[in-house]
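You will see two complexes here that share subunit A, one where it goes with subunit B and one where it goes with subunit C.
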Partner chain A sequence: MDKNEVQQRVVKVICQVLSVDEEMVKPDSHFVFDLGAESTQSVELVAAFEGEFDIDMDEDAALEVQTVGNAVDFITKCLK
Partner chain B sequence: MSENHKPYPLVDTTEPNLLEDTFNYSLPPLIRFDGPVVEYIDGRPVEFDPAALKTRDIVITDTTFRDGQQARPPYTVDQMVRIYDLLAKLGGPNGVIRQTEFFLYTANDRKTLDRCRELGHKFPECTGWIQAVKGDFRLVKEAKLKESGMLTSCSDYHIFHKLKFKSRKACMDSYCEVVDAAFEAGVRLRCHLEDVTRADIDGFVLPFVERLMRMSEQVPEELSVKIRMCDTMGFGVSFPGVELPRSIPKLIYKFNREVGVPGDRLEWHGHNDFHKVHANGAAAWLYGCDAVNATLFGFGERTGNPPLEGAIFEYIALKGELCGINTEVITELAEYMRSIGLPIPDNYPFVGKAFNTTRAGIHAGGLRNDERIYNIFDTTELLGRPPRVALTDKSGADGVALWVNDFFGLKGDQRLSKFKMHKVARWVNDQYEKHGRMTAISDEELEQQVKELMPEYWEKYKGG
Partner chain C sequence: MRLILVDRLTDKRLNFYPLALCRPIWELRCGMSSLVEKMITRTGAADVACFVPPYMAEVYRAKTNNPVNDASTFAGDDLFVVDAKVKAAELDIDPTGPSLVATDSDGQVLLARITKDDLSKLKTDSLDVLLESAKAQLPSADGQIAAWNYTWDLVLANPKQLVEDFKAAGRSGVEGAVEEPKAIRGSKQDIYIAPGVLVHPMVVLDAAEGPIYIDEGAEIHPFTRIEGPCYVGKKSILLGAKCREGNSIGPVCRIGGEIEESIIQGYSNKYHDGFLGHAYVGEWVNLGALTTNSDLKNDYSDVSVVLDGKKPIGTGSTKVGSLIGDHTKTSIGTLFNTGAYVGAMTLIAATGKPLPKYIPSFAWFLEGVVTKGFGKKMLYKTAKTAMPRRGCQWTEADETMWDEIFEMTKPVRMDAIKKGRRTLAAGRA
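This part shows the complex of A and B:
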């Protein structure tokens, strides 16, 4: 899966879980400060990424990811 | 800046120093001393050697069936026999719980004593409790006890206003008559100096105890009088510099070194009216009194006595080893006491339902990383009680993860990440955010949610 496809699917998941419009979601958007993810939503978001991409993410490393762009990179790396 | 200022440069390290000589986790944190303890007595410094605690035969004596029973409806005979049996198991073969005392006044009291002795335990040794009248002394002889406590109230509140003696001398003579009778009958007496922390120490207490010591010189060692210092109203104070009669260090010093009561014939009996009861008992050990009198879970007259289970952990902390104590029996005793109607608050140390339960999410996160962060010692090993989390609005996904993994019995790499239980975390969150819940979530509710929201894991770990 190329990075572009990963990005599209990441944005789709973010919009579903955080109930935000697609235009709000930019590569440098911060999950907490820009997209309003509170604690439980952050966990739900990672769980949704795991489901979407059929991967298991390291707990501590996944929660250190703070922006959309970092999430795309992180997931792309996981898929390799 | 003060002239005592001393620089403390940071000692940087990449390896944690967990101070494991003291906090080794397999035992309660040890109490280690780095020098003598000093108290000024009659204007001069006196040293007490805390290192001696390691070798002194300090013990716990129990009064669950006497003072403990004064705080509640009577136990049945079967209940007392069961508790006695568990006390023996808890204290172990070295007799850390050395003695326990029984009322002798009713047929049930005497039947209980007989049944406890029939169990054949060496420890705790059964002793009696009587008031200072010769008629009561007959009960001790009939019960064939080697030792009995005897109430010898010693403050003027008691001597004049309760017992109505005309003078202190009349009171002392009366007490000593019963002591003489005990000697003649071959029974050892333990004089309970009731209200000693509110008594005239120089004017009555020390003259009385000195007389008891002189009388004891005339009888074989095994009959020599023991002294129980009864802090009846909880007025005793453990820290240095306090004046008599409230000073525990000074009281023990006066008995021990001025009128010659050896440490093994001294006992401290406290009450918790000022929340000092446990620390006062430990201080008594430190300053030279070998026995601390306690009750299970601190139950006793009014505010209670030193909690026996607290004394057990203090004992291990001072000795640095278990000394034959079976600490898991504390949990068994608590379960038994609850089953017979004794209320134990949830936050009560060592045995309360929530004593090692954390509620805050950040604490749960710490527990998840390393249980030592928020657990006092290895409570799984010593009490059969793993650390737990109770879920509230403060628990977060970390709390849910800890609860679920413990529920499934998963450890180490087996543990599920919190992402696998996000639906349960959402349910917990919504209880408070959406439904305005004000109470903690019960284990039963969580179990139901895990079953519904994590069916694949339920099937894997609980199914079949």
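This part shows the complex of A and C:
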């Protein structure tokens, strides 16, 4: 899966979990400050990414991810 | 005679989880004391050695004065080897006498009495080797050894055990302070208030149906009603609690709301309103306000408990509440189903609905499903904060032990996490 496809699917998951419009979700969008993610939603996002990409993310490392772009990079790395 | 206490990592240990995940089974309570205290009293042993699952040995060494997992303790004396599950009160084999061995239905050694002379004929390289050697070479004991089979056995036996332990303690009367106005029902002979206890005004001590033992340094705040039989442990505080019959509250707890026929190991908080019945709660647990467990099904049928995340086990009792592991925290308004298994190091954010009957250890229960949450490091951080508040410390040995428990409990937790991911995905679709 290439990075573009990862990005599209990451954006789709973010929109569903955080109930935000797609145009709000930019690579440098911060999950908490720009997209309004509450702490439980951060956990739900990790679970949703794991489900979407069928991957197992280390929770400590995953929760270090702050922006949409970081998430795309992190997941792309996991898929490799 | 040397008493050798044995808690091996066999399949039957699971029957005492989540409480025995981080402690030997003999440290569990029933009545006024732990199973080990009862066994030492029953055998009169002055010399005791312990064998525990290796992953908890270092932590347990810091909590006991007895040698732990030390095979050199086999030498030099007659041995009375007893499995942690053996019921002290029903043990009818004397600790001294000719060598013999008793096993359970699976062939596991429950008890071995080995004279010093016979010991020289057995292999003593390790505990397992010694027990196998004893089983092969020593005569079998007549009859069966009574043993605890599940954690809920302790809960169900607790009221009767409290009465027996009170009688055996042989104390009654008031050595602490009881402020007026007080209300005492039943015989004053059935109440013991230890030195350093402070009972505030407007407290009801109802010993009409069973004795009440309030241990040193405990504090009972106004509008608490304690119904016997009951044991309140050292330095515990009851805050306007409706403490119904049959409770054993370990040391340094904070208890409010309604509690009935339950055992709390110690160092746990149930500060606020909410009902806890026929439950066993570990240490360092915090039950948020209005946390409530069901202990009776609406159709009055026997309660079942899921111990392995898969198969329900019938308890044979219509009343069984929750089994809650150490370091677990619940949010306000948490509702536990009848016979719920709540793992250790679990964090629960309630949704308002009754929770699943099985929640694995190290689970973060959020949005109605099991998730990885913020991981074990955040749970350790909470433990590091909570323990010094009660004068205890989280150690490196604790962390190593809990890391092992994290791995032991991983398969069933991962199954629940995957199910949670599917549920969340279906909710978004």
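As a working rule, the second predicted complex is superposed on the first by the 80 of 80 C-alpha atoms of A that agree within 3 Å, B and C clash if a C-alpha of one lies under 4 Å from a C-alpha of the other, contacts with A are read in each partner's own complex, and residues count from 1 in each chain.
By our rule, a residue touches a chain if its C-beta (ideal position, glycine included) is under 8 Å from a C-beta of that chain, and two chains touch if they have at least 3 such contacts.
Since the model is a prediction, treat every value here as computed from it, not as a measurement.
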Partner chain in contact with A:50 - subunit B first, subunit C second, else both or neither: both
Touching partner for A:4 - first (subunit B), second (subunit C), both, neither: neither
A:16 touches, of subunit B and subunit C: first, second, both or neither? second
Superposed model, subunit A: greater residue contact from subunit B or subunit C: C
First, second, both or neither for A:40, with subunit B first and subunit C second: both
Which of subunit B and subunit C A:59 touches, first, second, both or neither: both
Shared subunit A contacts, counted only where both subunit B and subunit C touch the same residue: 39-40, 43-44, 46-47, 50, 59
Subunit A-touching residues of subunit C, taken from the complex the two chains share: 349, 364, 366-367, 369, 371-375, 377, 417, 420-422, 424-425, 428
Touching residues (chain side subunit A, partner subunit B) in the complex: 39-40, 43-44, 46-47, 50, 56-57, 59, 62
Sites on subunit A touched by subunit C in the complex: 16-17, 39-40, 43-44, 46-48, 50-52, 59-60, 63
Subunit A contact footprint on subunit B (complex, rising order): 361, 396-397, 417-420, 422, 425-426, 429
